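Scroll down for the structure; my scribbles are underneath it.
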Amino acid sequence: MLGEGILKGLAETAKNFAGSYVSKERLTTVQYPEERIPTAEAARVFPFLVYDGTDWEAGLRCVACQICEKECPPKCIYIEKSKDKKPDYVGKLQIFPARFDIDVSVCMSCQICVEVCPFEAIKMDTEFELATDDRFEGLLRHRNQLAKSNEYYHKIHPTEAAEVDARLAEEKAKVEAKAKAAAEAAAAKAAAEAAAKSAAPADAPQATAPAKPAEPAPKTTGGGE
Amino acid sequence: MIEKADQIFVLLLHWLVGFLPASWQHVASTILCVATIVLLYPALFAIAVLLERKGLGRMQNRYGPNRVGPFGILQPVADGIKSLTKEDIVPFRADALVHFIAPLVLVVAVFMGFAVMPMGRNMVLVDMDASLLFFFAMGASTELSVFMAGWSSRNKYSLLGAMRAVAQMISYEVPLLLSSVVIVMMTGSLSLVKMVEAQNQYTWGLPHWYVFTPWGLAGFVMFVIASMAETNRSPFDLPEGESEIVAGYFTEYSGFKFALFFLGEYVGMFGIAGLGTTLFLGGWSAPLAALSVVPSWIWFFGKVMLWICFFIWVRGTLPRLRQDQLMNFAWKFVLPMTLVNLVVAALWRFMGEGLLRWIVCTAIVVVAYAAMGRVEMRRERLGPRSYRYAE
Amino acid sequence: MSFVFYVVAALTLAGALSAVLLKNLVHCALAVSIAFAGLALFFLQLDAEFVGFAQFLVYVGAVAILVVFAILLTRGSETPKKTEIFSRTWLTGLAVAGAIFAVPAWAVLQAAPWMIHTTEKPAVTVQEIGNALMGRYVLPLEIVALLLTAALIGAVIVAMHEKEGRNS
């Protein structure tokens, strides 16, 4: 009969109405300032600059290469290079940003700056409460506001930060190995020069070393398939 | 004591007016009553808006407003301040005078209806002979204000909304009137006061409300439907269908004028709820003879608020109708039902006391409802779409 | 002839005059509804509650809306470009208006002074009106009802023809 569906619908809404007072699970609303949902690990809102160590000015990874500034689609980054240089994480002397500003109101959270940065210096933050009552200065973030420690980066994006750290460590190790090799080479050179004066016995153990791991290789190939 | 509590407002009025010289008393009491009505209903409006927002929220498993004040009860105050301080924008090409008058006409017309509403025992501003007619006459002029608002805005959405509103209000005014005519037939009077008095009797402690008779129940259901359409409430809120025409006839209104429209709509709702209460639910009379100790005005306002709660409930439940469904429903279902109901009421009147008239009248109403409901529910089946030229 | 009478009379006359003098048709329709409301107030002032409210309900509520609808649906709401106060047939109009005015004027002038009685107004309750309509005047009432039903059916038939034409 006409009206049955209406009664069913009324019953349904009445159930919802009463149920929302009884069971909290029905209410999906999060009471925002008091309650918060933890942000997802992959969340990205606004870029920040990573620094190593405790002193943000000394540990800033950014070398003011300005790639991000050029790649930024809405052009919200402004960088001024420094006149002097400071050592970076591997100890090499690099220039650093004397000024690094990002405009909150222009940034579109695209993460392109992060992707193009060769130094792992700029990353995306999960902090989203960027609102301010000062629409001129408050919306322009300077480098002291942008600089955040590597520990913070680990806290907000643990997986990504671990990868980044591993990569940096690898690079650092490579550089160190290179330096070591160079030092060794220099040492060897010095030694060779020294040996050249006398006899040279160092060649014999180097020639035998590659022959040893080649022996068990044919045995394992059959079992693997 | 009970008598005093019941008549507290009347006694208060007499006491206050007693300080004035006799020649001023009549004018002063009228002014006091009008001022009370004009202040009371906006206060109820604030409560109803809060109730609506919180209730609708709960029906959709939300909290509703809960930030302003404890549990959000100060939300209407915040809304009021907001709409008062907002800029009042009048479109450049708008008809400024008509644009300005339209909300005033609406608010004045809806407040006029309360002049004849018996809000409690001896609590009626003007006890006139044709008060029901007066109420409908005032209700009719709201249509004109809606049209004025829509037309003067010079906006297609406004005009469309106004046309929809006027067509809808005219269509549903007919069943609204016809469903109240049965009450007039039974009481033999157009006076709302007399109608309440006729219902304020009890047999075995049960009231003689008209809703408890077959014709009264049918009339009541039709009245509720028509009153929802008349006040542009969901599911009949096509005139302000947000998804299609922004806000209908008050699209171009902002600030306080918008607030006036909003107020007018809600006060109109109170008016029609009060009228329905008076016609079918016994007005200010208590639902049980034993409960007559509770003051009459509590019953009246309690029933009106219940009616408003029902409106909110329906709004939270039903989707908006389409224009053709709206018109079909009015002219093919509600109107014939009210006409059948007239016949049923006449039969009831002339069949005399007894069980027979209950059976006959109930049977006619149920059969008519079922038959018309079947016709109404018969719908076109939507098959696969066929193309004439494309294939 | 009280103060209220003059206020209501001024309102009604202003409404009626602006209905004929205003250029915008919708404004005219709104002005006509003011005149209708003024007439209703006159009835109320004469203690004719039923007629007054019926006037309000039917004329302000329905007829004014009908007029407005007719104006909007017939593309007449645009203000005409040519703005002449007098139409070309203003002489004919004047003659017709004069003739119509002459009839009530003649009737008023012919009324003998003793026929104008300023005694109290007759108090007629709505119930008496209802009884009269259902008793003595039941035939005219039925004829009016028949007329209205015929009009209703006619409207339905007009609407139905349009629908058939669209379907075929």
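Chains here go by letter, A, B and C, matching the order in which they are written, and residues are numbered from 1 within each.
Keep in mind that, in the parts below, contacts are C-beta pairs under 8 Å (C-beta built on N, C-alpha and C of every residue); 3 or more make two chains touch, one makes a residue touch a chain.
All of these numbers come straight from a predicted model, not from anything done at the bench.
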| item | value |
| --- | --- |
| Category of the chain touch graph - line, ring, star, complete, other | line |
| Maximum centroid distance from chain C, chain identifier (CA atoms) | A |
| Centre-of-Cα separation between chain C and chain B, whole angstrom | 28 |
| Centre distance in Å when chain A and chain C are each reduced to the mean of their C-alpha atoms | 82 |
| Inter-centroid spacing, chain B versus chain A (mean Cα positions, whole Å) | 63 |
| Chain A, residues touching no fewer than two other chains | none |
| Sites on chain B touched by chain A in the complex | 55, 58-63, 313-314, 316-318, 333, 369-370, 372-374, 376-377 |
| Of all residues in chain A, those that touch chain B in their complex | 1-3, 6, 9-10, 12-14, 16-17, 19-21, 26-29, 31 |
| Complex contacts: residues of chain C adjacent to chain B | 26-27, 30, 33, 37, 40, 49-50, 53-54, 56-57, 60-62, 64-65, 68-69, 72, 125-127 |
| Chain B residues within the chain C interface of the complex | 95, 98, 128-130, 133-134, 136-141, 143-144, 147-148, 151, 159, 163, 166, 170, 173, 188-190 |
